[in-house]
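Just so it is clear, A, B and C label the chains in written order, and each chain counts residues from 1 on its own.
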Amino acid sequence: MRKLGIGGFVTVGLMGFAVGGAAQAADLTIGALLPLTGPAAPIGIEEQNGVQFAIDQFNENGGLDGTPVEVVFDDSQGKPDQGVLAFNRMADLGDVPVMLTAYSSISLAIAPLGERREILIVNPAAQSDSLADASSYLVNTIPLVGDEAHVLANYASENLGKSAAIIYENAAAGVSGRDSFKKFFEAAGGEVIADEPVEFGQTNYRASLLKVAAAKPDFVYIAITQSQAAMADQIGQVPSFPLGIGNTFSSPFFGYPSTEGWYQTGIQSGYPSDELVTKFKEKFDVDDMGFFAREYYNSTNLILTLAQSLVEDGKELTGKAMREALFETGTFDSDVAKLEFTTNTASRPVEILQYQGDERVVITTGSVAE
Amino acid sequence: MTMLLVHLLVDGIVTGCSIGLVAATFAYFYSATGTFHVAHAGIYTFCCYVAWYCIGLDIPFVPALLIAMIVGALLGMMIQGLLYAKLERLKATPLVMLIGSIGVLTVLQNVSAILFSPNIIQFDLPWRTEYLEFGPILLSIPQLLIVILCPLLFLALQVFSSRTALGRQIRAVASNPELAQITHLRPQRMFLYAIAISSALVAVPGTLVGIDQAMQPYTSLIILLTAVVAVIAGGIGSLAGAFLMSIVLSIIQSVSVLFVSGRWSLGVVFAIFILFILLRPEGLVKRKFKREL
Amino acid sequence: MNFLFSFIVLAEIFAIVAISTNLLMGVVGIFSVAQAAIMGCGAYAYAVLAAAGAPFFPAVCGAMMIAASLNLLTALPSLRLAGDYFVITSFGTQLVATAVFINWVAVTGGAAGLPGIPVAEIFGVRFVTAGEFLWISTVALALMAFSFWCLLRSPYGKLLHAIRLDEIAVSASGRKVLRAKVGVSLVSGAYAGCAGALYAVYISFIDPISFDIHVSVLVITMVVIGGARTLAGSIIGPFLLLAIPQLLTLLEISSSLVGPVRQLIFGVILIACVLWRPQGIAGRSL
């Protein structure tokens, strides 16, 4: 495994260079502030793999003008105050002009700091709706919950029925999902007859599932971000559980007998080439290059692309310059996704998928309304 | 509506049985030593990971569970021998013992993450999602195991504590360590036995809940908290009180979703508990306010 | 330098909470595991007042008053309950408070939290960066520490010590135990409320996780490691416990396990601390 660039000596040394502004100051350290311990750690580590992989690939191909790009990982533990500390730590000790983030609450806490210190913050995963205008230096490479819920609510009210129940995770993303879905679904003439929260990190969902099933809705909108497998198992145990629908986070529900015929919205997120995916699996000893790994891989590549273009134009690698370059270029196309920036949030196509046997079938594709 | 009530009741009882054994074993060690052993939650998780790892190596379920129990017992003895006994010699206050125990919990959680997996784990056992029907009620095999094994082990602990020579010796040490010292009972040794027993037993609900639902390194503290509340509400020193209160609390929590939105259920349980403890501090099963078995 | 400053600011804020806990726990013997909840009440109160347009000082005072009265309410059971029982009751208080923070969405913003708490402004001077905010937190800590120091040395402080050592004797000698306990709860709550307000304005974002059971336990750990019943202990504890994770980031650790390994080392240091000095670094034996 590659060493981390966090080693004080290395980074402080590099800092001198960057500040000195030598003619070809191509040294770049990217920060990544992820939840590496605590209940969200499983996701955080997948994200970390994605970032590390992108950096390694880039450096193997010669790096930035011959200089390897460094990455600094920091653990937010899923707590805002730790996030603020880590932000300042990376900004001062690592002198990073750009940072990847995760987790709605942490991204919201560091958003104003990014603006004050002119550090570009790239968010490839958190979806809370308040991230849309949290800061001019925060860009979201993934549509927010509301965007997906809008597409889904319209589809559901036309095709699946007019009475819905909601199961949501009692955390920023889940609550945001519940509120947005409710708003759009009611606007489309539907009615939400029950909503039940589950706690982050909980694995026994039976009471909530039973209550929702007893309300007999046409379908259940599920907005949880982890432990989907446990929930799918337990759904199998509830007789006549209604049809489930969900968003991008619902992907792990696929492939269980109890979830046959379910729908989910999916942010179109493709795989990089087979060769790269195989390499990724070997490197991190995992079965799949998961959604978060792909998104962080892609967003890291986005940052590297920006850096490359700045170096080619002979500009300095600052957060401000990167932000300007991002909006100047506007569109970034890759195997994983086509990102278009007109606002701080990338607009990307949203698909409605259905689980049919061992396949996820695309039913329709809608773009997110601005 | 009544059907839903029955289902929720059953769910509460199953959860209550698993928490009940956690509570009873916690109470057993607490009343023997007076140590607020938060690291019990860490052992719960760690043993589950051990069992998961063994099953990953194609060791069948029963030996895997036994290995987890043995590992739990050894781990507990290490904690008692290397930390609690030392702290007691240093005349540490209960609060300092608690902080030390929190340190152990942090270590165990992260060792589980480093040695095994930081991810949510699911057991690779085909019978995990098979169900048995009892009239309208479906119970998964792991749930059934919880309902049968946990109360049985609890009864075994009761019998051990009151009927066997060793059990009586541990109780003697608990109620009067100085006297026990004089009569050559060697309290430290008894404490080692007590922690070995409670740690081995807590491996069972840990593993079974992991099989039934899923397990991850960082969430066992909340289970222990519920268990501790049951211990207090059941009356410190009463193993039966702890076990029964766990079931009562779990049923309240499960059934409460009928009346309030689920997001208040934990708050409701603890609010009831605070009122309860204010009005009836001696616990449901009346005991003297004294540390004894 | 911002990093160093932001570390000091946070450590100073937690030092104020530690003083509050120390007053309650070390001095009168009310073992509360709910100080983060009280701090949270102060933080939310500040956020709500600030959003309603209250200037910095009145908002902080409001937060302190609300936290003081809530702390009194939660400490009341200690008049009836002893030892372990009160510890567990305060556990319950903490969990109920978290449930309220999460579910009283209209006021607290629920699990999604309250973003965009305005920057502190005193007489037209804005305290934006960590370096600037350091002035506020340092002055606040100095004030709190000074009042704590005075309190401990006053005759009142002696009475409090006596209550912890032998409550029955004190009440038998005709001293008003109840009044003393009520007074201490109010002061301790005000400290925690002040810390909460500073936290809210400095971080500019608060959510229920910032004030949950883990934070309460962290604060207790700070007091015990630093040393109970001394002012130095309440300051050393937070600085040390917040510094350890910062220093651990300088270690090079294979990337996929960096988080758990750091936490593991933190746990080991905790165990080593209690074994090395059970009474705390600057404490007197409890």
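List of remarks:
One rule holds in what follows: contacts are C-beta pairs under 8 Å (C-beta built on N, C-alpha and C of every residue); 3 or more make two chains touch, one makes a residue touch a chain.
Being a predicted model, the structure only gives us computed values, none of them experimental.
Taking each chain's centre as the mean of its CA atoms, A is the chain most distant from chain B. Looking at A-B alongside B-C, one finds more C-beta pairs in contact between the chains of B-C.
Here the spacing of chain B and chain C, counted between their Cα centres, is 30 Å. Rounded to whole angstrom units, the spacing between the C-alpha centres of chain A and chain B is 37. For chain C, residues that reach two or more other chains under the stated contact definition are 102, 259-260, 263.
Multi-chain contact residues, meaning those touching two or more other chains, occur in chain A at positions 37, 41, 45, 170. Shown for chain B are the residues that touch two or more other chains, namely 110, 113, 118, 217, 263, 266.
Against chain B, the residues of chain C that register as touching in their complex are 25, 31, 77, 80-82, 84-85, 88-89, 91-93, 95-96, 98-100, 102-103, 213, 217, 220-221, 224-225, 257, 259-261, 263-264, 266-271, 273-275, 278-279, 285-286.
Residues of chain B touching chain A in their complex: 1, 3-4, 7-8, 11-12, 15, 110, 113, 118-120, 122, 128-129, 131, 136, 138, 140, 209, 212-219, 222, 253-254, 257-258, 261-263, 266. The residues of chain B lying in touch with chain C in their complex are 36, 83, 86-87, 90-96, 99-100, 102-107, 109-111, 113-114, 118, 217, 221, 225, 228-229, 232, 236, 263-264, 266-267, 270-271, 273-274, 277-278, 281, 289. Only residues 1-7, 10, 102, 110-113, 115-116, 128-130, 199, 203-207, 209-210, 242, 245-246, 249-250, 252-256, 258-260, 262-263 of chain C touch chain A when the two sit together in their complex.
On chain A, the positions that touch chain C within their shared complex are 1-4, 6-8, 35-37, 41, 44-45, 48-49, 52, 73-75, 77-82, 84-86, 88-89, 91-93, 104-105, 108-109, 111-112, 116-117, 128, 130, 134, 170-172, 174-176, 284.
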